[in-house]
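The structure's right below; bear with me while I get my questions together.
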């Protein structure tokens, strides 16, 4: 086929990528978007088989071999992995993509015709692809390890900032040196490759486990850029444009993720991801997991049964109206929402009744303790809003606790528990609550009214 | 300068256009966005002065003459025009841009070297620019006339759909004919130009005045496409890309505007804009102006004082909570919001008090009739929510009215009045309300709860 | 014009409050008030004096006033002392009984009965039926809450849960709607009944539930007053009310028919089936009551149910009730009192409808 | 175990309601009830019988019961008939007066006073102080609304506007908070006062305003009970209360100090300056009242202000109050009653604190 | 037709640019709040005055003696400039109302 | 440096394309709800496996006897394909939870 025709077909692939990404960014169309992008990729691979070459030895057997092996492994891995392990998987996949760029760059360096001037765009391009691909490769592997747990967070480098800066200078210096040489020195290239891979490791290692999603997104954009670099080597449009688009999208996504965590891009890129105390504990200590408004909202929206446990904090925040609004928004989405009223929630008998009546929550939506506890196992999500003592499992488990013997709402029987409060401070009884460190629990810190209205907005958006 | 360098600089202009448009689509950055786009345009004009030409006769005097004349007229017109007349102005401006494309295309046809084959991309391009530019030109002028009022809406063509289709076939046929001729026939080109202009007129004429904003947006995208067409004639990147971007953006904007009016693009393009009864009255009859949620929200947000007049409809819609939410959202934006409580609003004494107390509206926010009427002249906007009789000026002006003599809330003393109700149906007294046809009044049809929650969302977005 | 205020013998309210005295004087009138007239409505003689009223004995007030304002009709003793040209503004409720009207006619007095003012938009500001009914609706709920041996709102406490009280409001006119609103405020579960079709929307506009009984005769033409319903409808209605009533903790009845006895909505049988301790407040008691065994102006306990028959509940909120009543009176007076002079134009719809007797002739019903 | 229920001589409530009778019997006990014991709380003898209780005369109940439950302390006549090994569960309020306790000690009875149960989390379900105070807070507002010659909520009507009533709640404990909530529900403007620092947040959590007086002595250590304040503070407080009180239409006072007379928060002077027709409900009246001129268990009108002194308002909502009280009693009994047998472990904190006399010895205060 | 196909193949990169420009134009606008519809339309309209570039090129190319073309060209420049300058100025005025008020 | 400048000038249209691609990449994502961050990242990651094209070209160009290159190339293809196939499949699974439930 003519190269121009191929390029025209590649344009279609690119359009499919763009449309796919676009659709991926809306919940309703995301699944389709993913498929569209996949079709684009398939088309690109097929087209490439017909790409006109100087030296068409083709070697289709090798190609199909690679495709089949990779495809099988990828598919099985994706299907077998547990839902909770998906981010790790993405990170690993991403590393493999980076590795491919790296390999291509290395081979192309090796393939460079005798006497190619080193100081050329071509060499620059190859070095770029090599460098970025290597970082994406090893960085992703480290991120994977951290998320999966086989690499410990506590493995800390001394003065990571300085090490990273040093590594960067060395790698860039070596690259320049290679280009200034009169002719190719493949050994040096291999050294460069090695150093780049090490840099990938030192880049990610200092970063706390809680920030890994951001890092993965960043490394993903690196992979995209590396792919674009590899594309430049061949002047291949779909690689260049596809890679750049992923690079740009990944960068923006990284920024968005930082924003969602209330961190700045600067803090992330320069500040070396100095893990925020709260989210990155050191494995053995009790760790509090923080929830995000977005994820909570989507989880709520796609639940079947939700139980709201209001407490004194709901009253303090005067969040009863917003709470009712959220409840109605969820009901609109087909979620069954009820309230579990603990007899001593709040600070006076019937405190919660007063509040919820004010917000016009219909009486049949209120469940009493026993009823609520019966329904707990069939409940997908519990929203604990400014309650504390009334959901404290110590009352059941810890005979030494001052509240031992008080009946509580057994929220841990439900699928997921989200606790809305401002801090880790205790409630009326003045005691710590083990629920907050529970397997199923996530904390959504902030004033209850704020958090609820954000949740409501996100439920509307999602 | 080298053409490539120019193209590189043009890229910068294009980036400025894109960034400008991007910013124009957010309220906070819109002003800057406009400036950025303007800078891009200035840069493009300057660069073009250095564009390499085969035949550089330059004729700078003519160029500067044109720029100065056009610039002066444009600037003065833009500054002098009344705020309310701006849409007309935009339409007129747009027509002039289209006219320029048309002129360029005509001249370039005329300039075609002897013996150019007619069946060529070049000729096709020129004809395209000529055709689209002409439509944009005359269409915009008609739209301007309709908005300004010097062209009457009642000027109706018989069977406009058929006329338009016929015109289109004739124009396309003539274009094809010209291209199939062995050599250029400039007379025919002038005929084509004339017919295209007529088509522009017949295209817009059947459309009701209320739909003009949509039409202007559509014609604007035509102008952009025409500019791109003209750009193709010269292979000029900034014209091509700039024109295409405006064309695409204009088309999307048109669709968005249709959506905001609850009309489909189909209804607009094929259905020949058959004016919806409500918004396009025939000049002399009393016309009800409909407000959009977006515009109302922005007006509210940028008001200093807003008065809410609740009525029975607020109670029927049970919209008291949303109403309070909107009030708080506005207060957050620094707007002073009060409620004007008419003594007989609702269906029982104190009906509004009961509602607003339920929503926890603080008592000091409630004004009585006399107080409210005193404040009316200092009020920027009045939101009449499901009230009718209590704001009916007939009680003051029309001795024959059954409610003559009842004290009313004199909302017409305020800057703007937005009435939220579901239809034009009368209230308790069963009589029509002249307020709804008033100079300052706009209707926001729909259930009060719906409308209010949309307003609240828009206030948040804007 | 000399305006007289007297002490109501059977009522806590007063027809003209001190605030209004000031206004009347500012408008060029004189005001003479019987000593102690405002006491039970918590307006002391001192305040009256400060407002400019001259305090006199009842006899003096009656004999010198040109315009007498009262809440309840005067009696024969009073008439004797009044000059015949005196104008009386009061509530004679001629639809319920013409006795008082006849007495006034005998003395050739001109009487405007505030309750006869037509319920047109223009007259809303004079509508004592509305203003008093509104207070009665509120008070009925407060009374019921006070008598009920239970809580109104729902309450979940360490010592167990208390379900919300069930309140049924019969007749969703002005009083009924206000009762609905007040009962809802207090946290009870409220249902309401009415035969007017518009009532459903009105009840729902207060967030309460409407108990629908199909087949009601519509009454748009009756200008806001209820009309008598068919027998079949009444039967259906009784069954539905029966079912709801026996489940209710509180029933508030307000259904009235102008010039007719109030419809019986709660039978003796229903009362017997109601839970012990339940409360019925019957605002329609003066025209016979909506409950079969209501005793007017009495609170009785029958079959374990407390039945309060009181059509003048507004008198139990005398301070505010007097304020609203005076405002109504003032708005009414303004129609014919210009610069301290009465100019009565009998063509005026409001005056025509509300003048029940003049010159010895009974105009009511004409 | 034979559980006895007696008719309260001075109270409308009953210590054990029929629902609880069923439970007790299911748990292996017998229940004997005095005829008519539940009548005033609207539980008929028939229902008691249906629940499984044996109805007897008072004498029979007293002489055969092993465990007697009552709301108010028994009197000497009763003691005479009781076997000495009998256990009495009631509210003796020994902090206020030891007379009744001494009498019981004289007869060597074992008395558990429900009001002495410590206010720890575990005992919340037995806390009669809370459950009764909560009802009292509600009832206080209903009573006030019933006595006030005004409307509680704001009302804009064709006959003029009525401003909302101003309610001041003093002491924001259980009763006070419930009063705040109820008054807010009714649409009045509510302010509340308390010396506890946590009270501000609690009051605001009900949407009402807290009247701040700076310089209060904190009481975190006192386990929920209020402590006495400094003289300077009291002065400041009195001034602030003065200012607010004279502007209020309704004042509800609930401030109590355990074992001491209630603090005087409303002086005679303040009452004099209050508007005519205002209402004060003093829940602290049994320990002297927060208002200087409160008369316990009486409703008096002084200086134009209605002052209701009643510390047992819960008795005015007898049906629900009895339900809650029984639930409290039941939760308490469950501590020591296993399979119909009493196993009293005096090491148990709750039993230890609430047992005020046993074996002729007064344990209260030990 | 062949020539058009050829044209496309010859200008494949141009085609990329066009397609991307269309996407960009659409994307940039896609989530504008209703309140900005009119100003945005006005701003886009000003940019569509980019056709002025064409008129400038036309004149610069023209024979200095060919007055017809020069006049038409100048007219074109003037018209398009009205569109550009007027357009940006009007947009700016419309956007005045979005100025934040001080609280 | 000059050569780089020259490179840019020679490939001006490529530059347009690149710039537009960057813009498009950014625009397309700019308003994604937080809940979609992870799936979107995963989807973008799958697309970044487009580098597989490079590996294919590499092999197709390679000397059929040069086993080192062929093996490395095949490895590259395999790795990139894991990225592509695995990426799309994982994304798809993540998006399962967005399926609308029937009301």
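Per-chain numbering from 1; labels A, B, C, D, E and F assigned in written order.
Going forward, a contact is a pair of C-beta atoms (placed from the backbone, for glycine too) under 8 Å apart; a residue touches a chain by one contact, two chains touch by 3 or more.
As the structure is a computational prediction, the values presented were derived from the model and not from experiment.
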Neighbour overlap between chain A and chain B returns C, D, E, F
More Cb-Cb contact pairs, comparing B-E against A-D, go to B-E
With centres defined as the mean of Cα atoms, the chain at greatest distance from chain B is chain D
For copies chain C and chain D, the superposing rotation on Cα atoms, rounded to the nearest 5 degrees, equals 180
At the largest C-alpha centroid distance from chain A we find chain C
Per the C-alpha means, the centres of chain A and chain E lie apart by a whole-Å value of 41
Distance between the CA centroids of chain B and chain C (whole Å) is 56
Dist(centroid_CA(chain D), centroid_CA(chain E)) in Å evaluates to 81
So, in whole Å, the Cα centroid of chain B is separated from that of chain D by 68
The positions of chain F in contact with two or more other chains are 14, 16-17, 21, 23-24, 27-28, 31
Chain A residues touching 2+ other chains are 18, 22, 237, 241, 343-344, 349-350, 354, 357-358, 360
In chain C, the residues touching two or more other chains are 124-125, 130-131, 134, 153, 155, 157-160, 162, 185, 187, 207
Pairs of chains in contact here are A-B, A-C, A-D, A-E, A-F, B-C, B-D, B-E, B-F, C-D, E-F
In the complex, chain A touches chain B at residues 321, 324-325, 358-360, 457, 460
So, in the complex, the side of chain F touching chain A is made of residues 3-4, 7, 14, 17-18, 21-26, 28-64, 69-70, 72-95, 97-103
So, in the complex, the side of chain B touching chain F is made of residues 2, 4-5, 7-8, 11, 14-15, 18, 22, 237, 241
Listed in rising order, chain A residues that touch chain C in their complex are 341-344, 349-350, 352-354, 357, 360, 363, 366, 368
Counting only contacts in the complex, chain E reaches chain A at residues 8-10, 12, 15-16, 19, 23, 27
